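Have a look at these structures, which come just after this line.
Okay, so subunit A shows up in both of these, paired with subunit B first and subunit C after.
Let's turn to the complex of A and B:
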């Protein structure tokens, strides 16, 4: 990652008709060599953004640059990018080899060169031996690899992927996630990856742009997005999260609905209504606050329900008006067991709690 | 198991249904069979078997008027099929491509109209139009009339094919450096080809079979085969007509089967 911009979006807006604004004034810089994800719920504008980079849609306003070059109204066949489509869009009347070689044939590359590069690409996605197969004689995962090879064989400066793993089952998806990451390392080009699956984005990306209603909600590394969400939308969309209503009591302290004062990261001024966000894995249960290290946040509660899950125990802890917490505790032999009705103390570190205003 | 037991308990229901099925088939196909059989009869009387003979086929091929009608039919069918297939395919592509186009619904309705309105109405409309713009009634007016109704059929068949096509196909071609023309030539056209061929064969069949419209827009000496046969029947039914009918039936069956085969093959590969 040398920091050079592979794709630069400046004030990019896309309107469909008068009413629908799919992408709203997006500024984004994707660096060279990066695995960059556009993450968001369906209809958030992530696919439209990708299509504008590909040239399949043109911005209503703003500019798209690829390695410093203004794309304007340049059609997709004149852009140094290739796309892996969500439906793969493999040509059914061509075999694997012909599909992969299509882009090179259109660019009038020498036949011997085409043969060499096609073989190389098919080898890269580990489909050797399947060259003569028709696309519909392949499994979903294999079709996905053909689509990948068909795009990569052209050595694009940027590879665009539109939910490429969406049609695969969970197990295959996880294998392909790792494989995609490996391939990206091997070819060393910029990947722009559209997904609605936050886990996928977290595990694969160097950086993530979370989108909502056509706007960028947050851009950052997976750890930043997960650990320090800047808005309630990002907090709720990425990972599991507890939301506790309250208000800022003083700098770095929040008063919860039950009057308890806890310390948390906040940038809002005292008196502001905020929502305290808290990751479930940051919560621990103790019998009393005397067992705790100093400087921790505590809330008193009662065990309302317990469920045995084999590898873990699930407890629902009732904390009065503040709400109830679902806590999962791993079943290690040293772990304390609680019974319904037991009084417990919920503990969390001030650094793991963020108070966000609306 | 339960189903099998039920069927075994009421075998007579099955038997009645089977008999009904055979009766329906007999009702539909016996008359056709009669025509075919008597086309090979040596007797000059229709309906009386006079031993096997190819006499009527021989007479048919020697009938100058009939042969002229056959030539007219083939000429009209060939031109109207080629032109309506090209125009119908273009229309289907245009309607499919510009989904957001204002007035697409109207265009749609207009396209379906020739399929829906009665042949007689269409024939009268065309006849009036031909007189208005001074087109001499003859082969040309018949070809134009056949194109007019065939475009719709071709467009409908091709559109069904296009509707099943992933719109990302053309985008993928463009993304892989194909120009618009290359994308159409290398991707879209091969993928809709079964629909185009199927639509074309349908057009050919309809053109060869049409009586009502053709008989109103024909000119002297331009009668097509079915129109000529229709005229013959008004005078007398001869075994010669049986021979003509048998050949037309064979040609129609071959065309329809070919049309179906193309569309089927397309479904599998699509």
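Let's turn to the complex of A and C:
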């Protein structure tokens, strides 16, 4: 990653008709060699953004640059990018080999060169031996690989992927996630990856842009997005999160609905209504606060429910007006068991709690 | 196990193989009753006459022209190989081929245009517009064309005014104008169906893979709309091959085509066996063409 911009979006806006603004004034810089994800719920404008980079859609306003070159209204066939489509869009009237070679044929590459590179690409996605198969004779995962090979064979400067794993089952999706990441390492080109699956974005990306209603909500590395969300939307969309209503009591302290004062990261001034966000894995259960060092946040609660999950126990802890917490405790021999009705203390580190204003 | 009474099959289990078989048979009969009216009608007025035509093609022609079934032979079939018949057949064939090509050339861009309208309502209106000619009788419409193409018709007058053409009625172009007019909807509809269900992300993928608009059309849109092209071509080719009304009314029956040749056999020439054998031969050819269509991957018409 030498920091050079692969794709630069400046003030990019896309309107469909008068009413619908799919993408609203987006500024974004995707660096060379980066695995960059556009993450957001359906209809947030992530796919439209990708399509504008591909040239399948033109922005209503703004500028799209690829390696410093203004794309303007340049058609997709004249852009140095290739796309892996959501439904793969494999040509049904061509076999695997013909599908993969299509882009090179269109670019009038020498036939011997085409044959060599097609074989190479098919080998890269581990589909050797399937060259003569028709796309509809392949499994979902294999089709996905053909789509990938068909794009990569052209050695694009940027590879655009539109929810490429969306149609695969969970197990295959996880395998393909790793494989995609490996392939990206191997070919070393910039990947722009559109997904609505936050876990997928977190595990694969170098950086993530979270989008909501056509706007960028947050851009950053997975750890930042997960650990320090800048808005309630990002906090709620990425990972599981507890939301506790309250107000800022003083700098670095929040008063919860039950009157308890806990310490948390906050940038709002005292008196502001905030929502305290807390990751479930940051919560631990103890019998009493005396078991804990003094600098911790604690809340008193009662076990309302317990469910056995095999590898873990699930407890629902009732903390009165503050709310109830779902806590998962891994089953280890040393782990303490609780029964319904037991009084417990919920513990979380001040650093793991962030107070966000509306 | 005791043998179960059929009506009390539920004594041990609610359903047994015997009852299940009966239920299935009842179902089959019910299905047949639904189809029965059409089935009977087609048997009586389509299959039976067809068989009669086929049988008569083996009859011999009596001195007065009466077909004699008892003196059967295959003379009418061997006559099909006479040079005159061949000339007429070839002429009809080329007429049908040319008309099919014309319909395809005119119909494809039009069907493509309809199918690519964004709103479903717009597409429906345009499709209805394609079907409007069917609201009046084909013969009436052909006579309307005759008036347009005659000496004092608007089209002829316009041609004379601009000096581009003269009276068109009873010329070859007039026949093609009429045929194109008559059969264009049969080309447009299947083409529309094929283009409309095309997966446009495939075209986008083509554009993304460096195909120009024209290349994407040639490599992706065109091959994928092939079922529509074949279906439309068959729907136009088959009736064009036996076209009778249009060449007769607009062409002035100056050139003999298969259609009017058959009519002559049954009428003026009083040679039913020969008319029957020509009809049978055309039917066989059309059947072959249709089978070819389904073999070449065509789907619903």
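General observations
Heads up, the rule we're going with is that the second predicted complex is superposed on the first by the 358 of 358 C-alpha atoms of A that agree within 3 Å, B and C clash if a C-alpha of one lies under 4 Å from a C-alpha of the other, contacts with A are read in each partner's own complex, and residues count from 1 in each chain.
FYI, contacts are C-beta pairs under 8 Å (C-beta built on N, C-alpha and C of every residue); 3 or more make two chains touch, one makes a residue touch a chain.
Only a predicted model underlies this, so the values are computations on that prediction, with no experimental measurement involved.
Applying the stated clash criterion after superposition on subunit A shows that subunit B and subunit C collide.
In the superposed model, A:243 makes contact with neither subunit B nor subunit C.
In the superposition on chain A, no contact is made by A:314 with either subunit B or subunit C. Shared interface residues of subunit A (contacting subunit B in one complex, subunit C in the other): 54-56, 75-77, 81-83, 85-87, 89, 91-93, 102-103, 106-107, 150-151, 154.
Residue ranges of subunit A in contact with subunit B, taken from their complex: 54-56, 75-77, 81-83, 85-87, 89, 91-93, 102-103, 106-107, 136, 150-151, 154.
By the touch rule above, subunit A contacts subunit C in their complex via residues 54-56, 75-77, 81-83, 85-87, 89-93, 102-103, 106-107, 150-151, 154. Residues of subunit C that touch subunit A in their complex: 199, 201-202, 204-213, 215, 219-220, 223-224. Subunit B meets subunit A in the complex at residues 166, 168-169, 171-179, 182, 186-187, 190-191, 269-270.
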